[in-house]
Structures are given as structure tokens and as C-alpha cells.
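Chain IDs A, B, C and D follow the sequence of writing; residue 1 opens each chain.
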Amino acid sequence: MTTETDLKLAAESQATKANGASVPITSPLAEAQKKSDRERNLEIYRTMLLIRRLEEKTAEAYTQGKIGGFLHLYIGQEAVATGVISALEPDDHLVTHYRDHGYAIAKGCDPGRILAEMYGKSTGLSGGKGGSMHLADVKRHFWGGYAIVGGHLPLATGLAQSIKYQGKDEIVVCVMGDGSTNIGMFHESLNMASLYQLPIIYLVENNLFSMGTPLKEHTSLPEIHQKARGYGMPGDRFDGMDIDVVYEHVATAAQRARTGGGPSLLEAMTYRFRGHSMADPQFYRTKSDVEEVRSHRDPIQIHAQRQIERGVFSEADTKQIADEIDQMVIDSARFADESPFPEPEALWADVYVQEHS
Amino acid sequence: MAEVTYREALAQALREEMHRDDKVYLIGEDIGHYGGSYAVTKGFLDEFGAKRVIDAPIAEMGIVGTAIGAAMDGLRPVAELMTVNFAILALDQIVNHAAKLHYMFGGQIKVPMVVRTVSGWGQLGATHSQSFEGWFAHVPGLKVVTPATPADAKGMLKSAIRGEDPVIFIEHSLLYGVKGEVPEDDNFLLPLSGAQLLREGRDITIVTYSRMAILALRAAAKLAQEGIEVEVIDMRALRPLDMQPAIESVMKTNHAVILSEDWRTLGMGAELAAQIYEHAFDYLDAPIARVASLEVPMPYSKVLERMVVPDEEKLIKAVKETLNRA
Amino acid sequence: MTTETDLKLAAESQATKANGASVPITSPLAEAQKKSDRERNLEIYRTMLLIRRLEEKTAEAYTQGKIGGFLHLYIGQEAVATGVISALEPDDHLVTHYRDHGYAIAKGCDPGRILAEMYGKSTGLSGGKGGSMHLADVKRHFWGGYAIVGGHLPLATGLAQSIKYQGKDEIVVCVMGDGSTNIGMFHESLNMASLYQLPIIYLVENNLFSMGTPLKEHTSLPEIHQKARGYGMPGDRFDGMDIDVVYEHVATAAQRARTGGGPSLLEAMTYRFRGHSMADPQFYRTKSDVEEVRSHRDPIQIHAQRQIERGVFSEADTKQIADEIDQMVIDSARFADESPFPEPEALWADVYVQEHS
Amino acid sequence: MAEVTYREALAQALREEMHRDDKVYLIGEDIGHYGGSYAVTKGFLDEFGAKRVIDAPIAEMGIVGTAIGAAMDGLRPVAELMTVNFAILALDQIVNHAAKLHYMFGGQIKVPMVVRTVSGWGQLGATHSQSFEGWFAHVPGLKVVTPATPADAKGMLKSAIRGEDPVIFIEHSLLYGVKGEVPEDDNFLLPLSGAQLLREGRDITIVTYSRMAILALRAAAKLAQEGIEVEVIDMRALRPLDMQPAIESVMKTNHAVILSEDWRTLGMGAELAAQIYEHAFDYLDAPIARVASLEVPMPYSKVLERMVVPDEEKLIKAVKETLNRA
């Protein structure tokens, strides 16, 4: 199957070109925005379902030992990534925390290369060197997932500084969890972003837990969006389980950032249906806590139900998409399985850009 | 004596000291509700309550800094930093504050604090697989402990908690499940320095610490079958350094290999080797070999990660090369 | 003069006893609170003038090479330290930044030992090992001046945590400059203090500059007291050049902290009449900027004028106090001059409490 | 060639590169209105404006982190950290981010950033007198430069700014006033590694860097009067390390002293000595001496501080002891 692999990599060949895009950036989700109500909502459904199904495959692969280390699933939070990316321009910049699979998919990254990265294969987005927490696709302006909590906030802020410095009309979205808002880098980053009026959105996915620590026990101000007040910055909280709501609020903040209005702090109220990572025994909540939310606020259900009621698409459409996605997941897994591990030479590659000088 | 895991030995030390002295409390990320990211403090929140088992925000500087402040006022905090990779976020508090206050204020302030943290790897990626024990060992005012066995883990942690100085207590994520004999005595205390001879041998000395001590013993057993008698020295504490056992051993074996899991350049191996050269110069028949991690950010892919870290094969090769030189 | 030295050190002998007070803590300023309006205001005048005169002596000693390193004078900000300490109980805890001379004096430390510390003498508060930035007098619960900007905030927060843990009714005051509110440790400390409802006051001396960087250029929210909102904490701003106003506002926050009301963020508007440190060329402001404030808002003038107008004390009283203080400064300088440098053995003392074990 | 100070050489490098490439900008505390805490950027705010000379808040993590982000997007930031003592507050950004991104993301990201910072002492107290160059030199992915002369300062800073990798550029506060010949050429570039022979001698080799190189030359001149010919090697860059000149020199002199201003244990001297032992083992007539700072938090009092730091007397003593041994 190397031919398939080769084709895919050829198509993705600019992916490893460092720093910035070399070709116009496109993604299904972005293109769908310009299309009909039906097209747009089908693409949103497709994206959310792909995230869900690929994560399920990922969990399975982890139990099979094909994926190692820490694995943080995005199941339950699909509407946030999907809503965020659909509200952005294709060339807008994205920086996320380690819970990055959903964003990689929404940004249009190849699911086969996403899985391959988690399998530690040379065909992975980061050549197998990053793994689950460090997916990146710079040619799509997805600058990667980061695993030091809060560590990516200054980086994202610097990206925004560069965009303003160069007078570009792009913006940056920096994603983090609720627990990440307590670390010093949050403070330093938001202060600088507001002080310099940078085109950036800090998006907090408030899933009510910092690993196993409940929101009210880790922060003195559980209304996280209100932390924006400390920086003279607008803050906004909304339902992160409803894609349409997410789109609304992100679009507003994006408009503000793009037109010189400066940064925003957004808080998407969401919930993860799985543990913090695959290792999480979840002593801190009950199965019924999770069932409660899953049964009433599943973002994919909410979206499908609404669009079917609106007659925008039908049960049949969702079935067809489900079938397409099942096949896509199978193909992606096969691609990852059949891809080669990195050659030993890869070990010493890219420690420095200029080894000598 | 009972057979318990490294994890359980640590839990025993914490539990016993908390029962003994109500000035001892724990603070760290997810040590309570979650039960500790490596399950060392599982059940502690129920047993001791939220006053003494504090689930801290993700704020490494705040966690260590508040522990220092509480220690200044006479409490005995045990701060947990989930891994040593995050400990460098708190390095200012550890290096510019904990290590300095007693001296800088002419003895007026004491900082009886323990910082428990963890080294290790296992497809965790570049930012979660580092070893920084050498950085802490560089700093006057700190004590640095790296236990390899459950007994050392328990006895040294108890001493660290009862001691009057700031101690950086570095555990290893790949040791938590390892079992060993541990005295049940509530007052089982071990000094915070002092290297230990783990295995006698006449041909060559392996100087190491933490998880690598276990690796060294395994390699030594294999080498014995080939007639190579290896002496293994576990440093146990990295500041203050007790070099005497290693130096005396090398005076006997005339050959040495330093084994550590950190990056080679400026790693622990550099100091351990330099001191052996300084004190056993005329006894060495060959240069000292340093077996350490290859100098790249840790790659995620297991096929690459395997190449980076020290293993039996690399160690055995270094031992033979050192013996066969010249 | 060793006899005088010996006497002073004997009287201060508990000073080097580590961790906490061994004898009931007293200070002139604290005692004066319980006395008459006249006594109280004379003591306040005495304290502010002693700070001013001792700083002038310090500056002179620096130019004479008797003091080395960084020297940050408190001239112009006297009303803040004096107001803060007069609003506290003698056994309340104090932690400050490196601009600590005024606080040491207000807390009742011996001026001779303060100068001796700056001279690097063994009779100094910290045995000559700390210097100007690291004065401390633990037996008076003055835990010292710290030179890593923001570095002392977590320490002070931990002190407050210990006080609450032990059920003591003391409180902590943590002093910092306006520029220090931008560093991550500010965020982590205030969040934890509010989360745990600790008995602490964070007091910002807003002198409008972070070294040479103007307030509006270093922080996105120049109304620093409003940063408290990000932590669900009360914030309060007031005139730091008026001792009576400082007393008022600090007393209120102290009462709140002492009665379980938790932490506060106070902002005292003040100004330094000298450079950031002795090395400061002050390119960032003009002489007339300084003259303007000095002539209209000198805290010592404001206090004296008001009390004289109120008839609480007279010109003659101020003259007499001035004379006393001039003599005190002369004696302190002589004590510092005549004190011995540390013995070589001191170099290895106190690196560890327990060298072995 | 013109005689200029180390300070002026740095200012020339910054000014020239800013004129050459408008992607180069400066960010740091008090580099603008104040003119730089060591006056290196005096006048830059007027010359280049606030867009390219940014007076940052006191936020070391933010300063370095935003510089990394801007570098990722193609700018060439020069971040200034007022002293290396505060640089450890930004260590997470430097070690877990700047050093890792290019590798961790499979080559997709580049970080062409320079962090200028300063070591030094002078009655500054325990928290303002430290040397951490060895910590940076431990980290794969970073380049570490420690120029001793105005020419090196200028040529290496210009190369660091034009390079594609993150560079930790460590200046010395006691060197800013020192003068030296500096080429006026706008394209005067020096490689970011490569040790240099500063003085030839047959008897013993002093291996050092930064300000200590000046001290070594002074001591060498004195020793020459006593008939002891010292060879002085300036390492200039600490990562990557160019050990060849030092090793060849020791093969000739058979004696070595390592001179550095950091604490001895786990300091630069440990690595430099270890590598010389490894590669010149059979040529050494005596153990290598390490002259470094005494291991205490730096005391303020000048009578104590004087005892801590290396000086000519201590160096000369070490040279003679090494030569007279056995």
C-alpha cells in the first residue's frame, strides 16, 4: 500500500515546509461556510461525527497498544472545535492545548496522518515525533497542540503580535481548558495581548474539571470569562454544546479582532464524556453524572435533531454520512497501520535548523 | 519487613508523618479527588481532609511559593509537582527563594519544605520526558534525593519531612510499581545523603542512582555470567554528594562507568566523573565512560525513543569498551 | 565602641532566632496608636522623618562607597509604609519588595542595624549577607525585602495560609510596586489567596513607573486595584501621599482579613522623588515632573501642615523631632561605621540548617 | 577596526541588524524609555520607534514566549532578559518550547529567536549574582553563546540574529565597559561555535569563557614572569561545544585548569573537564583543577563576596598546584 501512502504524502508534501503557508489554505469546513444552509450544516455534522468516530478508533488503538503515552479524547466537546473553525477564515491561526484531535480534524488535517502521528509513524503530521499531544499542520496555520499547561498562550500571543507587526488581516485563536487559566502565563499573555491590542481570541473550553479537580476548587472566579475584566478585555460565556451558539459568539469576537478591536476571552461551557486521559480512574465524578449530560446535551445529537426538524437535512443524510465516515476511519486506520515507523536517521534530524554555524 | 511497592512506600511515609505531626500537609495538583496522578496519595483526601490534602490550581510557582511561606512560619509542607518537567516553572521559587532564604537573611528564616516530583518517560513526548536532577544538584541550599528502592523512598521521604531544610525529592514514574522490603517501623528514617554499595565486584564500578540502579544490577548479573565482576554504587542523594564509596570502589576496580538517564552534556555524569578523576586519578586504567540519554528532544515514536534512553545493551557495551581499552 | 555595639546586639539578641517571634512584639508606631492624638501623630511624623533622613544618609553613604550594589530609596513614599504599619497590630506579618527601608523603620527595626546591613557589617539585620534589598527582622514578623519582582507574593500567600491553618488571628501585608502586578506570580498568588480566603492584604505602591516604564505602557489595566475583579476579591485605590487616608483604607482591609473576610488588593497612589535606584539616569521623566509633586504632595509636609493647623502639634515640636532624628541618624551611621565586617567563618554559616543528615 | 566597548559593540550589532532587516525587533524590560538597564539600547527607542523597541511589562515568560511565537511566524525577535537570574522565570518557555518546537513538530516550525541576558555580580545579593550558562548548555535545541570580547560580542550577536535557531546570548555585566578592536564591516559575522586560542604556552592550559578569559590572560602574564607558560583557550560558545582546541592544547601541555564563574558542582567545569579527560586521558600528568565560585548563596557583604568568586590569586594557586603535583 505504499502507493497510497506516497500519494497522500505527495498531496501533503508542503506540510513539512517550515513557517507559514506556501499555498492557499482550504478546508472543507471553511469552504462549506460559503455554500448553502444544507451544505454547511451537513459539513458541520460530518466534522463532528468524524471527530467522534476517529476518537473512538483512537481509544481502541490505545487499548491495542498501537498508541502510547498520554491520550486525551475530545468526545463530548466536538461542537466547540467545529464551531470555532467554522467561524474563522481558512488562513486564521490556531494554537491549542494537548486535547487537540478535534481541532486538527476541524482545521482540515488528514485523519490518516492524524492517526499515523499517534501511532508514531513517519507519515504522521509531525513525522511521529509529536504524538497525540503534538499534532500540527503548519501549512494550514495549525501551529500545534502543546502539553505544558498554559505554555502555548505566550506563543499564540506572539503569533498575534507578528500578524499585527506585519499588518496582516489574519487572527489567532488560542484554545485552553478551564484549569489552564490559573497559571501565570495566562496572566502575562492576556495582559500583553490587551496592552498591545492584538488580534487574538483566547478560547477556554470549560469542561468543569482541571483533570480531576472541580472548577470551584481550582479557581477563585469560576465565571472564567469575567477574568477578562482584569485586563480591560471583553469576556463572553456561551453554551459550548450547541454548534450554532459557538459559531455566533466566536464570529463576533473574530470580527472584533480582525477589525482592530483587540483580543477577547471566550468561555465555552462544555463537558468531556471520557476521562481526562485514558489513565483516568474518574474517582471525582459518577457514571450517572456523565450519562446525564451525554443523554441531554450531546452536541452531535443537538445539531442533527435541530437540522432534521428544520428540514435542512434528513435521517437518511445522517446515515449516509455515518457510512462515509466509518469508511474514512477504516481507511485512516489502515493508512496508519501500514505506514512505516521513522528510520533511525530521523532521530538526529531537526534538532537544529542549522546544525553548524 | 514487608514487601511493598515504591508507590506504597511513599504513601506510608506520607501517612505516617501526617499522623505524627499535624503541621505536615500536602499540596499539589490532583492529589485529592483524583488520587494523585501516580496514585501515591489515593485515599488521602478522605483520610486527612481538605485542610491537609490540598488540590491546588495549576500554578507551580504558587504551589511551591506558598509551601515556602508556610514553612517559614513553621508548617511542614510537602508540595507535589506532577512531573519534573513542570518543576522548571517553579524554579524561581525553588532556586531564588527556598535555597536562599536561610542564608540571605542571616539565619533568621528556615524553610523545612519537601518538593516531591517525578522523572520518567514512556512515549510522553519532548516536554514530558526530561530529567533535571542535575540542575537542582547545582544549587547550594538545596538537598536533592533520588531514591531507587521502596525502602530508600520511605526512609528518605520521612527524613526529608522531619528535616529543617528544603529538599527536592525526585521519584521515577517507572519505579512506582517496583516492589521491595520496607521496615514497618514508624521511625524508620534514613539520612538524606550517603551513597550505597549495591553489588560488589572487582573489575569495574558502575556509579548511578534512581531507576538506573536497577538497570545496573540487571546488567551486572548478566556480565557476571561472562566473568565480568561489576561493582554497583547507588548515589541515592545528589546534593550533598557522597563520593567516598565511588572513589574507593574505583581505587579497587580501576575502571568506572557513570550511568544516568539525563542528557549527557552537563548531566550528572559530568560531575560524578570529574570528581572520580580528581580523587582517583592515579588509579584509573581507562577514561570513565558516561552512559546517558542521547541529546535530542525526546521523540514520541517508540522506535526512536528506544534509541535515546540508556538500556542494558548500551551499558554492557560501555562496560566492555572501558575494560578492553588499551 | 564595641560596648555600644554589644549592648545593641544583646537587646536584639532574639533577632536571629529563626521562624517567628519569641517575645511579645512591640514598635513605637504600634504603641502610639493606643496613645493620644498628639502622641500618635508625633510618632507618625517621627517615623516619616526618620525614613526620609535615614534615606538621605543612605544615599550619601552610597556615593562614599560604603554601600554597594543596588540601592532603591523610599523618599517620597513615606506615608505608605507609615500608614500601613500604623494600621496593623504589632504581630501582624510584613513581606515587601526590595524597596524596603521605609518598612523596616516603620516596623520598628533598629536604624543602626538597618544601615549596618547596607554597609555589609556583621551587626546588620541580616548579618551583612542581605544588604539593602534584603532587610529582615523576623522577631518583629518582618519577613524581609525580596528582589525577584513578584517572587515574594507566593511566600506571603503561604504565610497567610499557615496563619489560617494554625487558627491564629494575625494577618499578612504583602507590598509590591505597580510593575510587579504584571508577572505570573501575581496571578497565581491572588487566585490562591481568594480561593482559600486567606488573611492577607496585597498592597501595591503605584508610583507610576516600573523602573523607567510608565504605568500605561506596562499594564493593560492601569487601575490596578480593579485587577482584584479577576479573583472575586475587593480592590481599593487611595491617595498614598496622605498618611491619614492610607491608615483608613488599610485599617478597613485589615479588619476584613482579620475577621475571615479574606484578601484585598489595595492600590496606594504615590510617587518616588528619587530614581528607581542610584544608577537611574531618569531619562523617562523631567526634573520638573518631580518638582511638581515634591512641592505639592510631599507626604511629610502634608502631615505636618495638617496637624499644626489642627493644633495637634507645633512647629517647635517638629523642630525638636528633627533634632532628635538628626542625632539618631548620626548615631546609626556611627554604629554602622564602627561595626565589624563578618568574620570569614560567616561565609559557610547558614547555607543549611542541618549541614549533615 | 575601531576601539569600542563591549556595550557599544552589542549596540552596533543590534542597530546594524535592525537597519538591515525590518523583521528584527527588540522586546524587554526598560530597553526603551530607560535606555536599557546596562544602557546597551540607549537611544534605540528614538531611532527605531515603539513598534520595534518594545518596553515590555515585567513578565519574563511573556517576553520570551511572545518572541518565540513571533519567530514561528517569521519575525526575528531579540528578547532581552535583564539578568540571567530572572531568565529562570522564563525557563519553561526556553527549554520546553524554544528548544523543542522544531524537533517536536517534525521540522514544521522554526524559532529564529535570540534571548540576550546578563550574568555578573558586585554586591547584588544572593538572587542577583548567579551564573546559569551550564543549564542552557545542557539542553539540545538551544545554542548558547558567551562572548568575552567586544569583537565576539558583535560578530556573534549578528550571526545569532541572522541564524535560524534559538540562541541564548549571555553577556557579562562586568564586561560592558571593556574596550577592544571591532571591525566596522556591516557583514562582520562570526560562527556561533568554535573555541579560540587566546595565548600560547607550553606548560599548562586554562580553559575558560566570558569574563574569566580576561582574568586568565592577566594571570598568564603574571605567571610568565615566573617562567610558567600558560595556554589560554576561550570556549566562546557553550553549546555546541568545540572541544578540539582544548583537547589538542592539553595533549601538548599535559596539564589543565578549568576556570568558570558558576558554582563548581554540576557547573561548566565538570563537563569541560570530563571531556578533556575522555579525549586526552593518556596525556594528562595530573588531575584537572576546577576553579569556580564557592558553593554558597552569594553574600552581600563585599568581604564575603570577595571570597566566593574566582580571582587571579586563586587561579594562579590552582595552576601551580596542578603543575607541582606528584
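As a convention for this text, contacts are C-beta pairs under 8 Å (C-beta built on N, C-alpha and C of every residue); 3 or more make two chains touch, one makes a residue touch a chain.
Worth saying up front: this structure is predicted, and the values here are computed from it rather than measured.
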Counting C-beta pairs in contact, which chain pair has more, B-C or A-B?
B-C
If we define chain centres by averaging CA atoms, which chain lands farthest from subunit B? Would you check?
C
Distance from the mean Cα position of subunit D to that of subunit B, given in whole angstrom
30
On a C-alpha centroid basis, what's the spacing between subunit B and subunit C, in Å?
40
Expressed in whole Å, how far the mean CA point of subunit A lies from that of subunit C is 49
In angstrom, rounded to a whole number, how far apart do the mean CA points of subunit A and subunit B lie?
37
When you check subunit C against every other chain, which residues touch at least two of them?
126, 128-130, 134, 146, 148, 151, 182-185, 187-188, 191-192, 195, 217-219, 351
Using the touch rule from the top of the page, what residues of subunit D touch 2 or more other chains?
56-57, 59, 61-62, 85, 89, 92, 96-97, 103-104, 125-127, 140-141, 295-297, 299
Touching residues of subunit C toward subunit D in the complex: what are they?
68-70, 120-121, 126, 128-131, 133-134, 146-151, 179-180, 182-184, 210-214, 217-219, 280-281, 283-284, 341-342, 344, 346-348, 351
Using the touch definition up top, name the residues of subunit B that touch subunit C in the complex.
25, 51, 56-57, 59, 61-62, 64-75, 77, 92-93, 96-97, 101-110, 112, 140-141, 143, 159, 163-165, 191-193
As the complex stands, subunit C meets subunit A at residues 182-188, 190-195, 217-221, 226-227, 229-233
State the interface residues of subunit A toward subunit D in the complex, per the touch definition above.
15-20, 124-130, 134, 136-139, 143-144, 146, 148, 151, 153-163, 165-166, 184-185, 187-189, 191-192, 195, 349-354, 356-357
For the complex, give me every residue of subunit D touching subunit C.
29-30, 32-35, 37, 55-62, 85-86, 89, 122-128, 294-297, 299-304, 307-308
